[in-house]
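One chain, chain A, appears in both complexes that follow, with chain B as partner in the first and chain C in the second.
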Partner chain A sequence: MRIFRFVAAALIALSLVAGEGVRAQETQSPAAEEIMRRLQQAFFYAGQDFAAKVGMRLVDKTGHERRRSLTMLRLNAKEGRNQKYYTYFHAPADVRGTAFLVWKYPDKDDDRWLFIPAIKLVTRIAARDNQSSFVGSDFTYEDVSGRDLGADAYKLLREEAMAGRDCYVVESNPKAASAFSRKVSWIDKTSFLPVKEEYYDVQNELFRVFTADEVKEIKGHPTAVRRTMKNLKTGHYTEVVFENVDYDAGLEESLFSERSLQTPPAKWIQ
Partner chain B sequence: MRKGLRVPLVEFSVEHPRWVMVLTGLLSLAALTQFPKVKTDTNPKHMLPETADVRRFNDEVERTFGLYEDTIVLGIVNEDGLFNRETLERVHRITTEVLQLKGVAARDVASFTTVDNVTVEGGTLRASPLMPEAPKSAEEIARLREALLGNPLFINRIVSADAKTTAIYVPLEKGANGKAIADSIRKIVAKEKGGERYYVAGDPVARDTFGAEMFKLMAIFAPIAGLVMFATRYLMFGDLFLSIALMMDAMIAILWSMGLLIGLGFPIHIMSSMAPVFLMAIATDSIHIFNEFYFRFRESKDKKTAILETMQAVGRPVRYTALATAAAFAVLLFMNIVPVRVFGGLVAFGTLALRILSFTFVPAMLTFVKEENVERASRGEDIATSRTSRLLGRLASLGARHPWKVVLVGLGFLAAAVVGLSRIVVDNNMVEWFKKDSEVRVADRVLNANLGGTSLAYVVAASPEDDFIKTPEALRTIEGLQRHLERLPVVGKTFSVVDYVKRINRVLHQDDPEYETIPDSKDAVGQYLFLFSMSAKPSDLDNVADYPFRQANVWVQLKTWDAEAMRSVIRAVSEFKAAHATPLEFKPAGIAYFNLVWNDVVLWDMVKGFVISLVAVWVILAFNFRSLRWALVGYTPLVFTVLLIYGCLGFAGKHFDMPISVLSCLSLGMAVDFAIHFVSRFQSRLSETRPAPGAPEGASVTEALVWTAARPGKGIVRNAMLFAAAFSVMLLAPLTPYVTVGAFIVSMMTLSALMTILYLPALIVLLRGWLFERGAS
Partner chain C sequence: MRVRDRSCALLLATLVCAPAEGQVILHGFAQAGYAARVTGATLPSGGGDFLVGEERLQLSLSGRIPAQVGGFAAKADFFHDAVTGKVGLEIREVYLDVGGGTIGARVGRQVITWGTGDLLFINDVFPKDWTALFTGRPLEYLKVGSDALKLTGQVGPVGLEAIAVPFFEPDRLPSAERFFLFDPFPQITRRTSEKPRTDLGNTELALKVSGSLSGWDLALYAHRGYYRTPIMVPDSTAAAPSLLLRYPRRNVYGASARGAALGGVVSLEAGYYDSREDRSGADPLLPNSQALFLAGYQRQLSADFTVGLQYYGERTLRYDRYLSNLPQGFPRQGELRQLVTARLTRLSKYQTWKLSVFGYWSPTDEDFYLILEVWHSLADGVWVSAGANVFGGRSKTSFFGQLDKNDNVYVNLRYEF
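What follows is the complex of A and B.
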């Protein structure tokens, strides 16, 4: 099934951009969909589990900042593409203790729960829109946990150097109405991490730019430990810094439950 | 030459008319070369410099809260209700297309399909666009209806309480043209069939439509006015060549001054675009030269002598009227508003150019005119036989013979005018610059009747410390302010961060209306807002609270664009602040506030300019007549005209707005012209006919008055008619300021001519002892 989809998409991509397709074939480049699949693996699925302390800086046009500090834990399912995310907020001070749990399924809507400490309430949150902002930042939920591979049609535009890295340049075109009309990604040929991504809006104007500003290899996994998303239309940007990154730390399944929303696992939350 | 007053410039021009022509032609060509560089600026906002406090503060508020300077409102009305499949599909389709328009800030368009709704369903909190797709089944439609009408945030903003009207709010990127986008939106809705009606409203629509229409009207009107003047002149003098010469006089002055303006790099602004018409009007003063020329030619039968004598006779009043007009406009150079200064300088320059032309170009042109044509035309120019002259003579003698009656009747009118004057309101409402049945005004009226209001103000609540806005205390104060403001009849809706907090509180408690309240702890507020920022568009929160939660922004929708509405909001805010102890400071902002400040600053600047002009004109009159007393008498037609017109405005309930304030300056320049001509010519007639110095006999005064009314008076009446004829065309204009201009000028001309011919003689007769006391001439 997956193979079939992949082949079909590759054929479509080839026929759409015959010129580039032929050249890509000549140089033995992988097809666009394959590149994006490997990007997703490297960027969102690396390791069996993942833990990091995340600092976010939300900066508006006038230079005002809001800071967020959170711990993020991720666990991949033993089989298949399902994932679980646990997020605990340390700052700002008045939201300390707020915790957020996501069970992510590639083929249906995610399950999400939020714990609000002021009223000691766990509430389920509907996950209709993965393209809405993640905690008020310029990143969307999709930017944090990945977009469904089947949602877009891909096209390998060219290969070129970007920020000193050899890159594939892939264009993604959403199949259904979306917050962006197309996306152009520069993807590192060795690490398969995105170096830069440009999002174009419904008027086909560039409106968001992602850059991976610093990449470190941690336990054999290249990791973008500093990244920025800038909204060109509003002048707003968000910088994210990953600290204490760890892979395969042995996160247990039970961490990702409603219970640990109310009583945070002290071992993982510092 | 008799009595010393030689005019070397005129003599030169008469001797070397070709040189004068060539030189004038070259200068005009040079001016013409500047025209391709023309830049226009139709935005009345730019009347205030970027450094003006209100623009700075508005910019700051817009930056802090991520707001837009301009928003277009598209209203959609279905009398049978919005909640049916077809209408909702249309709303969806139209929004999708509007999002594609260049210049539209797509990310913040507010419509059913884009606005986030926070709800709870079966224990699950949901934050998503209200209507991402048009609903298909009756059940889905019912659910949408419930979601919309059940959320106070939406009522009167994107849906009316009776569910018949919705609005799409279309914010514009900086620098986008509101009219162009409004036109594109109109094209989009024109494709839709069905019973819905569409209304495009909002400040940028009115402003940019007005700007575009204005330039169009100027391009149509100025030539028509010119043509009408031309035709009227031809009828008056029966000589084509002279009519053309008179017209060229105006055209050349317009070329020179506009060329200079463009050459200096100034954009043509609303006010300066009116300058050509003003100059055309001022140019009509040269009719006195032609008027006198015909009389003189009839007397001397020699063209050159007639020209030189004419210029001697009218040279002085022509020079002083020019000086008075130029001074009245030059005063504007000292105002605060840059476009007002530019306008004043432009017209003052043009006036001076016109007068230089009167002493060079006009006499030179006169030398080319065929003698037999003048001969023929001047046959009618005899004060004994001309019907107009006889009528004018009779009018003047009515004034001179029954001075008390005339003066008392005038005083009666004056008293009534003062009553009217006390009722005048200084206000400016750009939507009312359009006619009642115009698209812009109808749209505004319908949307204001059905939704919260098309005019938007902000009240920024600022606290001394970070995060203070999250305290229940601050939120309760803001909520109190909102309820207080909503009591004003002009306020249709308010909303703020409080409304979001209350909404989240309710939704987190199983949608229980009991919980539509402000929670008791700051942490709870902080976490609710955090939840809100996790689910809604970030801009939703940014629009109402700043980053450090030091400031909150209260949106106040107003149902009228009157500056007075905003004044009442500011008053209500101060009342509230006085009655409640709170560390919050409240400051107004937004387009409605801008309009208020604009109104006060620009209009009062014009009022101030007008008053100073009055003084300047009086000083010039005093110099011209070399007598303060004569200046006072010469001043009366002007004061009467102005007071009577404003009195009528007051009675008619018409506001003193920008077009009228500009006109006031023109009225000064023109109304005083007549008096200058009349008094100057009267005085020289008197000194020519009077045998001995000293106080003249009553009979000789009356004789001189009747003569003045019959001969230069004819020039005055011709001038007035020319003017009135040209400007009456404006009565047909589609924009009310132009109608106002037309009506204003027609009545001003008629009044001030009448005042000069009838009232001045009465005054002169009554006050002659005082006026002639010591060598007063």
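What follows is the complex of A and C.
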């Protein structure tokens, strides 16, 4: 009887331990994915819509500086993960009035249109490579509008403090050939914004570093209003400052159309 | 000249004073552009190697009209043509925008661009400056403004553009003073040009209906107007023979589609040119009606490298009539003229350098035109472009073949503010 009880207890204990173990194993990798999903939500999908005036400083290793000023509008689809982006350039002078429209789909190539004001031409541009530079900066299209979640495998490396914030440290490994071989992200445990990201090339050398330099809470959404991407190989870096940030401003679907490329919506382009 | 000087001064003063009002934004650029023929050939007219030598100041004013009425924009170019020594003022654009949203209007001189072609035009029936293209001037100078009323509307997913152009604007073509060109009537030197009179009945009308269907941009076009390239009509009744250059009536009907496919962007366009004054094709001086079509494919091969390919064809209708009426000694055009184009664009150094090659090649005319360009941004708003235009062909009478001796190199420097 006693032995029976002991065996039963042992079996229960064993199953509990095993269960825990299985659960722990199950949670480990989904946890990393869940962190990245929440990062994408906080960093690229916050609010139903988003509007900001974006200032960029492109600085080369000699300190020579170029500037970009643009208005960025974003609208999330009511359902699903599709998004629309509208970008209008204020400066520099040689691109002033240029407008750029992107309909972003998580599962296929984006649709992209470009308006060239000097000849009043709306053209469609091929958008194969999301890792090309966004307007000559150190940021890629992917850095601006997000990388597909399914593109990488994720691993939670550890948890540690970075820049005074408690962070998850997640490694992303691209499933297909990519501009980086791995990326390590420090993700704020409360806001789920990236605090820092390191990009390693195929030789496993660190070549690009992203930092969120200033975070503000706007309409309940923590927002990285100042961020930098530095290329360690070229010494070039780009600092981006978001101003007049607004969420749920009531951007209409019709803003994200060819018509807005031709005639910029004055209400939103300040 | 004095009146013009005064008006220039007045305009300048207005432009310079305007920003004080606060509602008005002043921009513009200073630009110098030079193009020289490098074939060493001397023009029969005695002209030199320089095709372009000019300094240009563009002042551009724009702003909102209060009370949500709309906006306005004006672009005026002051230029000095160093080749001829002439000084001039060119009003590139001046227009007012009223309304918007569901219905709006743009009234005044404006640039209008339609269609999907890359340096190939079927439904873009609006005026162009081919000289600008052939001499490497910045792309915007390929387009010439139309003095037009444009109404735009949006009915659900369908966009409408209705345009009325009362004042005819021809294409700007290379002139014999600066270019080697094929001339079918070299012995006739007295020439007069006759544009359609500015009668209400001669107003050009154009309509575009556009929409989008599962990621494809679709459009239908119609235009009632004129050919913008003149025909030459010899007049032998006068004491001395002369040539009349005039612009025959034409209607254009067309359609285009453009969307993401095959890992890039695919565009398709077609048009029918209805030569209203010679539908039967009997008059050899007038163009026959034509069917035109275009297919394009553009693809990004790597992060900063893009390739574009196009196939274009124009089929002359009533070709048998054309053949039987063609005067002896005139060069004969084929029934189907085909063109293939390729564009390669490479950006580098944080997009401060752009290398591009654009080539036209016609397997039917056996001629070609190649544009090679290097563009470099020196700093924000400052860029320089340098390149070469190379023409060639088997025959001296085909479209590009006639330009064979005009191979040129060019340089443009611009500061925008």
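Here is the rule we use: the second predicted complex is superposed on the first by the 240 of 270 C-alpha atoms of A that agree within 3 Å, B and C clash if a C-alpha of one lies under 4 Å from a C-alpha of the other, contacts with A are read in each partner's own complex, and residues count from 1 in each chain.
Everything below uses one rule, namely that a contact is a pair of C-beta atoms (placed from the backbone, for glycine too) under 8 Å apart; a residue touches a chain by one contact, two chains touch by 3 or more.
Please read these numbers as outputs of a predicted model, since none were measured by experiment.
Once chain A is used to superpose the two complexes, chain B occupies space that clashes with chain C. When both complexes are overlaid on chain A, the residue A:Val184 reaches neither chain B nor chain C. Applying the stated contact rule after C-alpha superposition, one finds that A:Ala249 touches neither chain B nor chain C.
By the touch criterion defined above, A:Asp109 lies against chain C but remains apart from chain B after alignment on the C-alpha atoms of chain A.
By the touch criterion defined above, A:Val135 reaches both chain B and chain C. Of the two partner chains placed by the overlay, chain B and chain C both lie in contact with A:Ala118. Within the superposed three-chain model, A:Ala91 lies in touch with chain C and out of touch with chain B [touch as defined at top].
After overlaying the two complexes on the shared chain, residue contacts for A:Ile218 are found with neither chain B nor chain C. When the shared chain is aligned, no partner comes close enough to touch A:Ala77: not chain B, not chain C. Of the two partner chains, both chain B and chain C are touched by A:Ala126.
For chain B, the stretch among 182-190, 308-316, 344-352 or 542-550 that collides with chain C in the superposed model is 542-550. The intersection of chain A residues touching chain B with those touching chain C, taken from the two complexes, comprises 58, 60, 64, 66, 92, 94, 116, 118-119, 121, 124-126, 128-129, 132-133, 135-137, 236. Contacts from chain A toward chain C in the complex involve residues 58, 60, 64, 66-67, 91-94, 96, 103, 109, 111, 116, 118-122, 124-129, 131-133, 135-138, 179, 236, 254, 258-259, 263, 266.
Those residues of chain C that touch chain A in the shared complex are 27, 29, 64, 71, 97, 100, 104, 110-113, 138-140, 142-143, 152, 154, 159, 210, 212, 215, 217, 258-260, 263-265, 267, 298-304, 306, 347, 350-352, 377, 379-383, 414, 416-417.
Looking at the complex, you find that chain B touches chain A at residues 63-64, 66, 99-102, 104-107, 116, 120-121, 123-129, 132, 173, 467, 470, 508, 519, 521-528, 530-531, 533-539, 541-542, 546-548. Contact residues on chain A toward chain B in their complex (touch as defined above): 58, 60-62, 64-66, 89, 92, 94-95, 98, 100, 114, 116-119, 121, 123-126, 128-129, 132-137, 201-203, 207, 233-234, 236.
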